[in-house]
Amino acid sequence: MTVRVVVWGENVHEQKNKVVAGIYPKTMHGTIAETLNAAGGVSATTATLQEPEHGLTAERLAETDVLIWWGHAAHGDVSDAVTERVAEAVWSGMGIIFLHSAHFSKPFKRLMGTPCNLSWREAGERERLWVTSRNHPIAAGLPDHFELENEEMYGEPFGVPEPLETVFISWFQGGEVFRSGLTYKRGAGNVFYFRPGHETYPTYHDANVQKVIHNAVLWANNAQPRIAKVTEAPNAPVETALEPITERGPKLHEAGEEGYR
Amino acid sequence: MTVRVVVWGENVHEQKNKVVAGIYPKTMHGTIAETLNAAGGVSATTATLQEPEHGLTAERLAETDVLIWWGHAAHGDVSDAVTERVAEAVWSGMGIIFLHSAHFSKPFKRLMGTPCNLSWREAGERERLWVTSRNHPIAAGLPDHFELENEEMYGEPFGVPEPLETVFISWFQGGEVFRSGLTYKRGAGNVFYFRPGHETYPTYHDANVQKVIHNAVLWANNAQPRIAKVTEAPNAPVETALEPITERGPKLHEAGEEGYR
Amino acid sequence: MTVRVVVWGENVHEQKNKVVAGIYPKTMHGTIAETLNAAGGVSATTATLQEPEHGLTAERLAETDVLIWWGHAAHGDVSDAVTERVAEAVWSGMGIIFLHSAHFSKPFKRLMGTPCNLSWREAGERERLWVTSRNHPIAAGLPDHFELENEEMYGEPFGVPEPLETVFISWFQGGEVFRSGLTYKRGAGNVFYFRPGHETYPTYHDANVQKVIHNAVLWANNAQPRIAKVTEAPNAPVETALEPITERGPKLHEAGEEGYR
Amino acid sequence: MTVRVVVWGENVHEQKNKVVAGIYPKTMHGTIAETLNAAGGVSATTATLQEPEHGLTAERLAETDVLIWWGHAAHGDVSDAVTERVAEAVWSGMGIIFLHSAHFSKPFKRLMGTPCNLSWREAGERERLWVTSRNHPIAAGLPDHFELENEEMYGEPFGVPEPLETVFISWFQGGEVFRSGLTYKRGAGNVFYFRPGHETYPTYHDANVQKVIHNAVLWANNAQPRIAKVTEAPNAPVETALEPITERGPKLHEAGEEGYR
């Protein structure tokens, strides 16, 4: 079963910034999709901010097993409607992976319920990622640590809820640490945040980073059919209660009425 | 140190529905505040939907240690601005307790990042709450289980993230179960969801329910000063890095520039 | 990749008790292994208390992807050496599933670090299991609830640590509730506790129960190679530190010395 | 209500090693107890390995709200009986704080159910602890990071279960990271692991470290009465079931019989 992946890219700095365009002549999302397809077991395509509905129509999300999100300069341009649609797809079972500056993207903040802030420094310093959960599927085939010689620093405290599992923690040359790989579940959807990937460095050309993203796609994929009507709050009528009961006391609702929302 | 509590009530059915007005002649929020004040260690006041800014101005939230939220018929009438203000107060350290139908309130959904849905039945059936975390501060002084002879049923699956701790699970006469007491943390704020409290039954006159709410207030209170600028993402300049580093590689940002949001 | 499963059975009541022998003429472990093999993707064999080293030699565990454990009357007869060997296999990546009365087995208590106690009643009452984590891989293909007409009751509080995820909660006819499906991780090993399976009832002939166990085997399997020397605490010499450092201050340990344990 | 603390010290290197004796002329446990008493709200005494029953009789544990544990060279000399007694006290509500090399102590391994291993280097390098959970009670009054100029390095992966909360993460000069402050709950007992404290450095004279330990004592204290018979698995007789049920089907147990353990 091939995992159907959409790599969503903001696609701004690749078009406007010569440094970024030079490092990623095929764009960042294009590069990530290409390496995923090369890694196998995955069929990855791309979508961008500039497309109608940002390339994320209801039809497309229904056929997406795992969505990867990279954004930075244009978080505010993502529509609230698409944000909510993405969140609903996650709740109903779509996996999602947020990369680097996507910590401030609308879908990530929507799913976390927290500020998602951090401290940062753009100095091209050394980052070293340590695996904190040995043999976690997302760390499969990796050494116990690996380095990125030039990266932007992200520092704690990271304004997110306590994760399900902490998979990576980063050491930075300038003295900070950061929880770089965190798993969450929101509804039936698996969520992974992965820190590296500042656009002025060749991070997504790094073999270890590529392996993490490929592993995370396989981990995030939920093979089961998507949950229908995932936000519904169904009434369970007295007449069909699993154990026989008799209605008692005063009521607000008429039979068959929907609940308040 | 007295814990400053605001009990927020939607205040709709107390005014419009004779049954509810009969059970709660002092309103639901008024009743809860009164019993908290009688229990000691707490200074509880009330706020309602109908007041300007729903009674929750920035000034008032700054002086609130723990906010209690009950709403049902008018979730949609709560303004997005007040919802966001409440969320920020929680992140910065205010405790919050959501009661019963507040599972569908805007602040709860905002903080959870999930649908927060469930199944339900209004039949006045018996509910029995079991303590699943022995000696949890929220269960202090309670027996290992207690009953509410007439309650609305809420059934699993409950559309919330995996909690920090499950404190209560309910058994329902009609055959369902529900995780009735769940703790979360969002930023520096302690969050507790407590299931019982349908407005057509005298639940908030029950001594065990009152004890849970009083315990939860003491548990949710964070004695430390509120965090300022809780959503800020500060830049850490190269010049003042904790370990001496030299800037390397290309950059997006000018010195002193704010990050993208 | 076929998942290699060993179903461990205490094998006491099947030999001594006519009722149990009548329900499980092929033994409980034999029945579970047979249904797993029939479900596909799995190669299941059995091991019992009475075999040398309880059938769980180091060699056998090394070739076991997932171990299933059922015990009840003879927990105390399991050797401490085998218990520790099983725990080490789990830490290094073997999955493990504990069924019913195995809540009091030595390996479960060893891995949990808690009393693992509960309340109980043997009255053949109705149990209804509710799925609390929609589309969890362990609940794949199940309805949102299912019933076992005759089961032993287990009641909360269940003396275990807060789980990674709660997958099932049981409703009992006599008024109790129980967290019936709980996931944990211990080292690289996935752990699942599943409540049903009292030996005087035909629980392991139930299609839904069989599906849960099969799903749990697939979920617990960790495809990666087992971690070698999983309890080792390696010294990281100054000479090969990842960042150049100079040794400073007084020392307890000579170079190359092992740490205290 | 004064919190009654016992600081347990192995008391070996203070007696045998001149460096350690020079830094801690009042012993390590004596120093920690002294600073706790000076901080207020606490009544701290000490106990050591060499005393009968290691100074931890059942009577003494019954009167201890929070136990602090430091050991290193003589983990193996701690009796299994005292280890189990400590674990039971924790389950029944006693708080416990494990310091530094106590990661390999018998009580910590007993409560975690995992190897509790790590990598290490004794080179007097710089450690910087970052607060990852803002305004956590254990971090009250601390800056967002603090440094220890000379410490032993502990590196990930740390062989412990996923914690309830991660409060501190350490950066090390030599390039490693470590989850330095972790909370757990075992039964009714709050558990905190805090990394710093190698005996050849003056760590427990550091004001920030002292503040963390004092905060952790207040956090770990559970004001409720200790749970009696915390490992018991009571039978719930059919006759007194909360909902009327009739016994059905075959049975293993006679009425009033104890369950198997």
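For clarity, chains are labelled A, B, C and D in written order, and residue numbers in each chain start from 1.
As a working rule, a contact is a pair of C-beta atoms (placed from the backbone, for glycine too) under 8 Å apart; a residue touches a chain by one contact, two chains touch by 3 or more.
Quantities reported herein were computed from a predicted structural model and do not represent experimental measurements.
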| item | value |
| --- | --- |
| Interface composition of copies subunit B and subunit D: same or different, split at half | same |
| Between subunit A and its twin subunit C, rotation from the CA superposition, multiple of 5 degrees | 180 |
| Furthest chain, CA centroid comparison against subunit B | C |
| Centre-to-centre distance between subunit D and subunit B (centres being mean Cα positions), rounded to whole Å | 31 |
| Distance from the mean Cα position of subunit D to that of subunit A, given in whole angstrom | 36 |
| Subunit C-subunit D separation of Cα centroids, rounded to whole Å | 27 |
| Numbers and ranges of subunit A residues touching at least 2 other chains | 128, 133-134, 155, 159, 162, 164-165, 173, 175-176, 185, 187, 242 |
| Complex contacts: residues of subunit D adjacent to subunit C | 13, 17, 19, 72-76, 87, 91, 101, 104, 110-115, 117-125, 150, 153, 155, 159, 161-162, 164, 173-176, 184-187, 198-201, 230-238, 241-243, 245-253, 259-261 |
| In the complex, subunit A residues that touch subunit D | 128, 130-134, 144, 155-159, 162, 164-166, 169-172, 175-177, 179 |
| Contacting residues of subunit C [partner subunit A, same complex] | 93, 128, 133-137, 140-141, 145, 164-165, 185, 187-188, 222-224, 227, 242-243 |
